[in-house]
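For reference, the structures are reproduced in the following blocks.
One chain, chain A, appears in both complexes that follow, with chain B as partner in the first and chain C in the second.
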Partner chain A sequence: MTIADALLEIQLRLGLEAETEHEVLEEIRGHLEEAVAAAKARGLDEQQALSEAAAAFGMEQATAELRETHAGWGTLEGVAAAALPVTFALVLRWLIFAPGGTADAWRELLTRPTLTLIAAVAIAIPLLRFPRRRYALALWVFFWGLSLVTAVWPTIRW
Partner chain B sequence: MDKMDQMRKGTTTLAILKLLIDAGEPMHGYQIARALEGRSQGSFQFKEGLIYPRLHQMEHDGLLRSEWEGERGSRRRKVYLPTADGKERLAEELKQWQSFILSMEHMLGLTG
Partner chain C sequence: MSSLAVIESILRDRQSFFDEIRQGQDLKEKMRAMLVSSVAFLALYGAVMGSSHSLWQALSSACKLPVLFLATLVVCAPTLYFFNLIFGSRQSLSQNIALMLTAITVTAVVLLSFAPIVLLFLLSSSNYQFFKLLNVGVFAVAGIIGVLFLAQGMRVVSTSGAGAGDARLVVVRMWILVYAFVGSQVAWTLRPFVGAPSMQFELFRQLGGNFYTNVFASIGELLGFFTVR
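Presenting the complex of A and B:
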């Protein structure tokens, strides 16, 4: 058994969003390295030191509590990050670029729900636990692009 | 959850905040776990890994903030520092703790 094996074992049980999982594992790696070094300094060999460090760490219990503690955090942050550009794009489309050039006609957009559906999917996708920062950035680019298209070609109907 | 688990969860936040404020410098998880074990003189033992869910929850609650020491791609260490809210929480909890101990001593007839 090596530290990498121990980390893999933890990773298999964690099931966190990728970015968070990477940081948690990096933190645990540092902990195990310190513990192994301390045990070796007391005269234990590599394997004994690692076994002792793993036992003191409490892999199973710590992993379960980490999973419980982080449950839903990444997802909620992802949804919140996605909601901002999506809301801007919808507000822009519904109020500024309403059919006929008037805000009064915004209700007509209810009969053309494509963008609304895309927006709903975009907000829901973080539930699939994509890396939230990259996903939010991609959404900003996509929805600002859509807003620009709507601004430049207001006659596009979709 | 057994009684020891409940007690650990309830008191670890207080112990971590006190330790970090007393230390006056950022500490990483391993240092915190070892220092807590040292302070309790072995009377309060828990698995070292259980420090991380507590640290992450405290950071999420705004009681601690963390920084990575070292460059990305090399060996890095995540260190923790108390926030202003954390210091405030410690002051409140210490006050409650002292009041609780005093009340218990009175109730048990341990005071002169």
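Presenting the complex of A and C:
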């Protein structure tokens, strides 16, 4: 048995998204290699060192815990990519630009510095709060821009 | 088990998920997670639909869309249960509801995935009839995908045996028919979800007409045959 075999065994039980799975396996590889090196330094041979490292790591329990910890991360990315930009765009539309519940106030954006400031904060918060949600942020910036264009372009009707 | 982990399990490893429903494993937790995520996703999509009209319509649609799906589930659950019993199934009512919630959850996830696209058309187009038909199309796609999951779930959860496949197919077809009719009627009762731009905000409209004649009228107006008042 080699470290690659041990990682393959873990991979079969993980069932995570490919990118997350790769990150998790690389982390485990690092732990196993360190433990094997330490065991070898104490005079054990390759197989004994690996067996000891695997036992110390607690393969089955650790895999179950990793699976439990990372389950839902992939879906969270997808949900964030769809839900965050839409939510923020609706907040911009109804709560920031047009507190009266109509689209009329949107055209006053450039002449009302307070609204402009709030809108700028509304785009800054997601940028600062969700650095890992890059697709969500890209889409959010797109909707924000589109909202702004349609707000300041009086010929476009809502 | 978190709501998102349940969704990931349905989408990525549905065979295991349906196996667990068949064994009755963690049914309550699964149902709770599916319910929470479905309501959240449907509410967000409802808010997008209603945003073409006004803030009040957005809030109203955000509340009404989850109610539409859950009311349809409540109305149709006994039908699916008894259809299944008649055709030899050994599923409990909870297992049936878990299967239906799976279909609704998948439908809600698909609707959520379409939300940015619908928002794009909301921001860049002002044609009410087009926006309404766009939503009908999105709901049709999401509903079909949800029903495919239901059919797959029933195949796994139903007991096997001679003729079980044919019986299951009959149950699924009959139930889809019932679900579609009940769902469209509940939707018509709870309308408006989009809100006609020429009309004031209303929480509910007066009863009358039906969903299908309204869709055909919208298609007619979009193609220029006549104007819907």
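Heads up, the rule we're going with is that the second predicted complex is superposed on the first by the 81 of 158 C-alpha atoms of A that agree within 3 Å, B and C clash if a C-alpha of one lies under 4 Å from a C-alpha of the other, contacts with A are read in each partner's own complex, and residues count from 1 in each chain.
Note that a residue touches a chain if its C-beta (ideal position, glycine included) is under 8 Å from a C-beta of that chain, and two chains touch if they have at least 3 such contacts.
These numbers were taken from a predicted model, which means no experiment stands behind them.
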item	value
Touched partner set for A:Gly15, first chain B, second chain C, both or neither	second
Touched partner set for A:Thr69, first chain B, second chain C, both or neither	first
Which of chain B and chain C A:Phe143 touches, first, second, both or neither	second
Which superposed partner A:Pro85 touches (first chain B, second chain C, both, neither)	second
Contacts of A:Ile28 with chain B and chain C, given as first, second, both or neither	first
Doubly contacted residues of chain A, that is, touched by chain B and again by chain C	none
In the complex, chain B residues that touch chain A	28-30, 33, 46-50, 52-53, 56-57, 60, 75-78
Chain C-touching residues of chain A, taken from the complex the two chains share	15, 71-72, 74-76, 78-79, 82-83, 85-87, 89-90, 93-94, 98, 101-102, 139, 143, 146-147, 150, 156-158
List of chain C residues in touch with chain A within their complex	2-9, 11-13, 41, 44, 47-48, 51-52, 54-56, 58, 112-113, 115-116, 119-120, 123-124, 126
Interface residues, chain A side, partner chain B - complex	23-24, 26-28, 30-31, 33-35, 56-59, 61-63, 65-66, 68-70, 73
